[in-house]
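First chain written, first letter: the chains are A, B, C, D, E and F, and each begins at residue 1.
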Amino acid sequence: MDIELVKFMFILTVMSLYLNFAITLYGVVAKVNLVKKLIALTILQDTVNVFTVLIGYRLWRPGLILQPPALTDMNPTPEIIKDFVERSVDPLPQAFVLTAIVIGLAVTLFLTTIVLHVNYHFKTVNVDEIGGMKRRYIHEEAV
Amino acid sequence: MLRDIIFVTLLIIIALALSYLTYLGGLGDLPPQDIRLIARSYLNLTYNQGVNWLWAASPEAVTAIVWDYRGLDTLFETVVFYGAILAALTVFRGVSKLPDRIVSVGLSVVVKRTMAIVTLAILTVAASTALHGHLTPGGGFQGGAIASVAPLLLIVVFGKQLFVEKKVSYNKLLTLRNASLGLLSLSTVALLIYGLATNEIGYIFQNQAKALSTLSYPSHMLDVPLGGTLFFLNVFEFLAVTSGFTLVFTLLLSSEEVILKEFEGEEYGY
Amino acid sequence: MMDYVDLVFLMMGITAVISVSFTFLAVKTKDLMHAVIFSSVQSIAYALVYFLLMAPDIVLVYVAVSVGIYPLILILVVKRVGRFEVTA
Amino acid sequence: MNDLSVGLTTVLPTVVAFLLPLLTLRFKSRALYASITTATTLAVWLLTLVNFMKVFKGEVLTYAFGGWPPPLGIVYVVDMLNGVLGFLAATLFLLASVYTFWYFGRIESGHEWLSTLTLVLLSGVLGCLYTGDLFNFFVMLEVLSISSYALVAFFRRRKWAIEASMAYSFIGALATMLFFFGVIFIYASFGTVNMADLITKAHAIPELGSNPLERWSGTCPGSWCYGNVFISSALAIAFMLWALNFEAGIFPNNYWMPSAYAESPTPASALFAGIVDKVGTYGVLRLFITVFTAYGSTLMFSVGGFPFRDFVLIVLSTLGLVTGYLGALLMFPQRNVKRLLTYSTISHIGIIFTAFSAFLSHVSPEASAEALAGVMLHMVTHAFGEFLLFVGLGTLSVVVGSTNLARMSGLRGRYPLLIASIILGFLSLLGVIPLAGFFSKYVIFTALINAGLPVHGISIVLISGISALGYFKVIYTLMVSEGSGVTPRETRLYIPTGITVLLAALLIILGVLLTQSSFINPLMEHSRELMSVNGLLKYVDAVNNLSTLLGGA
Amino acid sequence: MASLLEWTLVLVGQALITVGVFCDLVASISMLRFPNFYTRLHAATVGSIGGAFVPIVGVALVAAGSEFLGVYRWFLSGASLVIAFVELLLAGAGSHALARATHRSRAAPVQPVIVDQLEEDRGKGEV
Amino acid sequence: MKRLFKSLIPTLLSFLIYVIYTGSLRVYDIVTGLVVAAVVGALTSSLIIEDWRKSLDVRRLAHLLKFAVRYFLIDEVRAHMLVIKLGLSPKLGLRPAIVKMPIKTRNDYGITLVSLSITNTPGTVVVDLNKEKGNIYVHWIYATTTVPEESYREVSEVFDEYALRIFE
């Protein structure tokens, strides 16, 4: 194992994830088109999820036999389980991510319906234009 | 141009700062060789018959965590998904009752025939993913997500009137969806109800027998481990997700004229 | 000599860099249809990262959701709201 | 030990919400939907009442789902703080579902979806309040959020309702996602997401150590903590607080509130103002008085000789002050009653956040406990008052067919009881002496003065003074102005009047009770305990015992 | 100890995967060199049949010959075969659907082309 | 009864896919496979099967297998060679053309089989087709001829004959 390469690549991965995070955060906050915001939001969710799984990753110990990180026996002995624990990655972040992906999907479905409705009502999906209309409406209401 | 450069610089600075903080805050420059102790506990317990008051009877640790150890999270994750579909039904209410006028011919005969066979393959593979969720990677939601690609492709390839011809109605889908959700929630509280009826200890989301409770779902069926509730929950989740997705797609793909007609006029009520 | 771990990390790093470039393109482009396509390419890169991180459960759901369902509904939305992003 | 009354509170409404749409395919009866919702909320109300009684006696209730010992499974923990709020939530939901018996006749369509979404919202709110697990908190926050988005967009033919839902949901999705990111930092560093486990790991107090929990998740500080726990606590808090402040509606995250509350259906906006915005406040409270306390938690690391936790709290209370002034100032120009009430909610949440400055580490424990009691009291009185006003003025809006304040004048002869109780509600929010609102504000005021923060204390009085302008504008219109010539559509308003009168009576009774030392002393005792190491010990021990019991041999 | 059959399976599978890699390389080179959309579709076919179908079958063979996979051995092998089957169907249908839609909407130039009998027949109204 | 026969082939196909995908023959897999196959077969039978009598003919299946072997071993390899040579040759000698080819089979599945076979061999892509007249329009990357009948013999005759034997 070339430790320098692995370190470099790992840090590169983490920094890439944060760059994605920053770019998409900008996309969600600063872009005026709702569809663009939606796309950026989905990528942001995915980035957070990848980061979560990365948290649970483990470095393979040198000398470990190449085996799938799962129980390959339906009637395991304590030794097999011990071996399995030694080579498997952290399952809890994966369970979190599974939940988070479904939640993100649900929210995205809702946002899609809302974007469609905004388009039906305002004939535009530009938040600046909608904000202008809203200011005028509130002004009329208040006077 | 200058604005862009400032902006990109800012983003890179944010990313670098966060990376540095994360690096200091625990991730380090390499993933650790050991996992957290709680993960070791999960991996140790999930299919360990030696500790059978704390096992989940499933060799798949992720599915065991998703549906058993942290089953409540997953139930409410299903509720979030249900809420999204409820929201779609709420804002599209009225649309499903109107006749839909789009008639599209779909794609060419080659694509139609191929897609019919591929649909069969997709549905079979999805069902297998769901039914083996407690044995191999996969599970109810994964199966549902795979299966729901099939109706979407069918709508694209055959046109939306296919569902009308095959009598796949809004009410049928809603019934299937809510019935499977009801069964899902019922199977999570079944042992509690049984325990209350027979005056024994039972818990919400109980799967295998626990230290204080002897009630248990079967841990094996035929010749494979069953994972108790995991099997039932995966099956019901599969049905619920598939029908829910199909419901939302049919709503989202309603033609624009129909929707706009439904939105005419002001709504009364405050 | 490169062994398994090196290969995993090498692929992970390269994929992550690719994903950054596609994210940038997806946020930058004015054509929403292109943005959808770039974002799904980006999703494929993430699916590969999930696979390298030994998360097969997530790959199964992620591929179906992010490469199958998201682009389809987003293309539907783009078809309805117009293809180009207009900055007034 | 394992109290079923805690566990069923969220599962019961969920099951009913799953089954209700099946009934709607067969039976098209509005009264049936309202009855089912009411029956469910009544059952939940009884459960939370049981919890509240037990908690008031000093117990800490727990429920482990699936019978798993705590750090492995999810556990609900109810102490005084969330016991009170859970009971309050169930009460308001019960009243809201009784209100729908009247309200369902006044909307065109979507009755079944309104009922179902209300039930989903109920399970979301109670789950957020009762859970003892940070990741579960995130999931429940999403349940709460998605049903709120849908309820805001309920009148889908009104374009401003859709716009309000859009503004709420886009940033709401971002905020909850960042909450998840924060939880991940906690897990990465401490190796647990269970709150009790986290308390033992985040504190360097030896007696908080817990063997049963650490059996599964390890000891910390020690071999099972990763990296620098101080920095990751700070990062986690930074991400989580944004989501919570967004839900609570603290400046600068309050821009979505007026439109969202004004455009949603009346029962929903009453619930939003009454309890949903308290969930964010509760989250912040839980994080700062239970998880990361002043007793040597990891968040107390010093930045230039100043504890980081105090720095965060000062920022929060300053934002609270700004919010309070902003809400009070913007209230007066509003003509839309629902918008006016929303700004009142914003200013009251600001007052509550201002009181957080009394939790600084150098403030005496006595003053902190007093502030906590004040915050809890104010949450209750504000929830009752705001719910009353939303129901009352929302009913009047339905009756006159507009939310414009000018059109509500001249109704005092027609609905005397309703108008009288609305005015009592306003006076309580303002803080007039015999009513409950005065005492909650007074307790916060004295706590802040005792804590040596006179600016914050006096600001509360000033905020009340400024908001009085807005309140008296409404009272003047209702009481003094001549009729606008609008003929109301209905004559009898039994159910809305009943609810508002009941709440007004509650406000008066609570006000009278608060003058009695036999009522105020136990409350102070409870909040003193919540703020002390003893309270932490009690919280951790309850979970510990559960873990020992269920962990087996 | 792996038997001869298993060794053969693994070796043949790896040979197929190598063929797949080669096909993918050629496909991407052709993708760059070919002049227009329709000709590039042929390069894509090389990528999807030679570069995807063949190596997936190879993966199936390798998995079938790897004993250490335990219960996952036949699962991975069979799943690969099913995926190869679906890939075979979808690659053709996808290429055809793309070509058809592109030609109908005239989204891409057909030139350079020797003869376009489809355009001629469409002019006559036969298609 | 008719529906049962109609869904027999889809059910068998689904069961086959299920068992291959699962990769094991435990009792659990057989039982769940049968249930799934029955449901999926019933759901998709009306999309897949037109004439159930034809679908139960074993000889047609034998022809299909024979065709599959020939297709993968001969046609695919030859076509790949051609396109790889074209793509790598220093001078890009392409002769692209869209050529009309009249085919004999009229059956939907026959047309599908011919079209998929043609499209899946590199070098030829079916662009459009006319079902009634039996014409397919093939984009051919190295067209040796542009006369419909000759190009039919060159490209699609083999597939067409097998399609006739399998599906007509």
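FYI, a residue touches a chain if its C-beta (ideal position, glycine included) is under 8 Å from a C-beta of that chain, and two chains touch if they have at least 3 such contacts.
Predicted model, so just to flag it, every value in this text is computed and none were measured.
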**OP:** Hop across touching chains from subunit B and tell me the fewest hops that reach subunit D.
**Re:** 1
Subject >> If a chain touches subunit B and subunit C alike, it appears here >> reply: A
Original post:
Among the chains, which is located farthest from subunit E on the basis of C-alpha centroids?
Top reply: D
Original post:
How many angstrom between the C-alpha centroids of subunit E and subunit C?
Top reply: 22
Original post:
From the C-alpha centre of subunit A to that of subunit E, how far is it in Å?
Top reply: 31
Original post:
Using the average of all C-alpha atoms in each chain as its centre, how far is it in Å between subunit D and subunit E?
Top reply: 57
Subject >> Junction residues of subunit D - those touching two or more other chains >> reply: 135, 139, 142, 146, 149-150, 153, 156, 162, 187-188
Original post:
Which subunit E residues touch at least two other chains?
Top reply: 71-72, 75, 82, 85, 89, 92-93, 96, 100
**OP:** Would you mind listing the residues of subunit B that make contact with two or more other chains?
**Re:** 22, 27, 32, 36, 38, 42, 60, 62, 70, 73, 77, 80, 83-84, 87, 91-92, 108, 110, 114, 117, 121, 125, 137, 141, 224, 252, 256, 263
**OP:** Chain pairs that touch, all of them, please.
**Re:** A-B, A-C, A-D, A-E, B-C, B-D, B-E, B-F, E-F
Original post:
Can you list the subunit B residues touching subunit F in their complex?
Top reply: 108-110, 113-114, 116-117, 119-121, 123-125, 127-128, 131-132, 166, 221-224
Subject >> Contact set on subunit E toward subunit B in their complex >> reply: 71-72, 75, 82, 85-86, 89-90, 92-93, 96-97, 100
Original post:
Which bits of subunit D are touching subunit B when the two form their complex?
Top reply: 2, 4, 7-8, 10-11, 14-15, 17-19, 21-22, 25, 63-69, 71-74, 106-110, 113, 116-117, 120, 123, 127, 135-136, 139-140, 142-143, 146-147, 149-150, 153-158, 162, 185, 187-189, 191-192, 216-218, 224, 226-229, 231-232, 235, 265-266, 338, 394, 397-398, 401-403, 549-553
Original post:
How about subunit F: which of its residues touch subunit E in the complex?
Top reply: 17, 19-24, 76, 80, 83-84, 86-88, 92, 94-100, 115-117, 119-128, 130, 133, 135, 137, 139, 141, 143, 146, 148
Original post:
Once bound in the complex, which stretches of subunit B touch subunit A?
Top reply: 7, 11-12, 14-16, 18-19, 22-23, 27, 29-36, 38-40, 42-44, 47-48, 50, 59-62, 65-66, 70, 73-74, 77-78, 80-81, 83-85, 87-88, 91-92, 137, 141, 224-225, 248, 251-252, 256, 259-260, 263
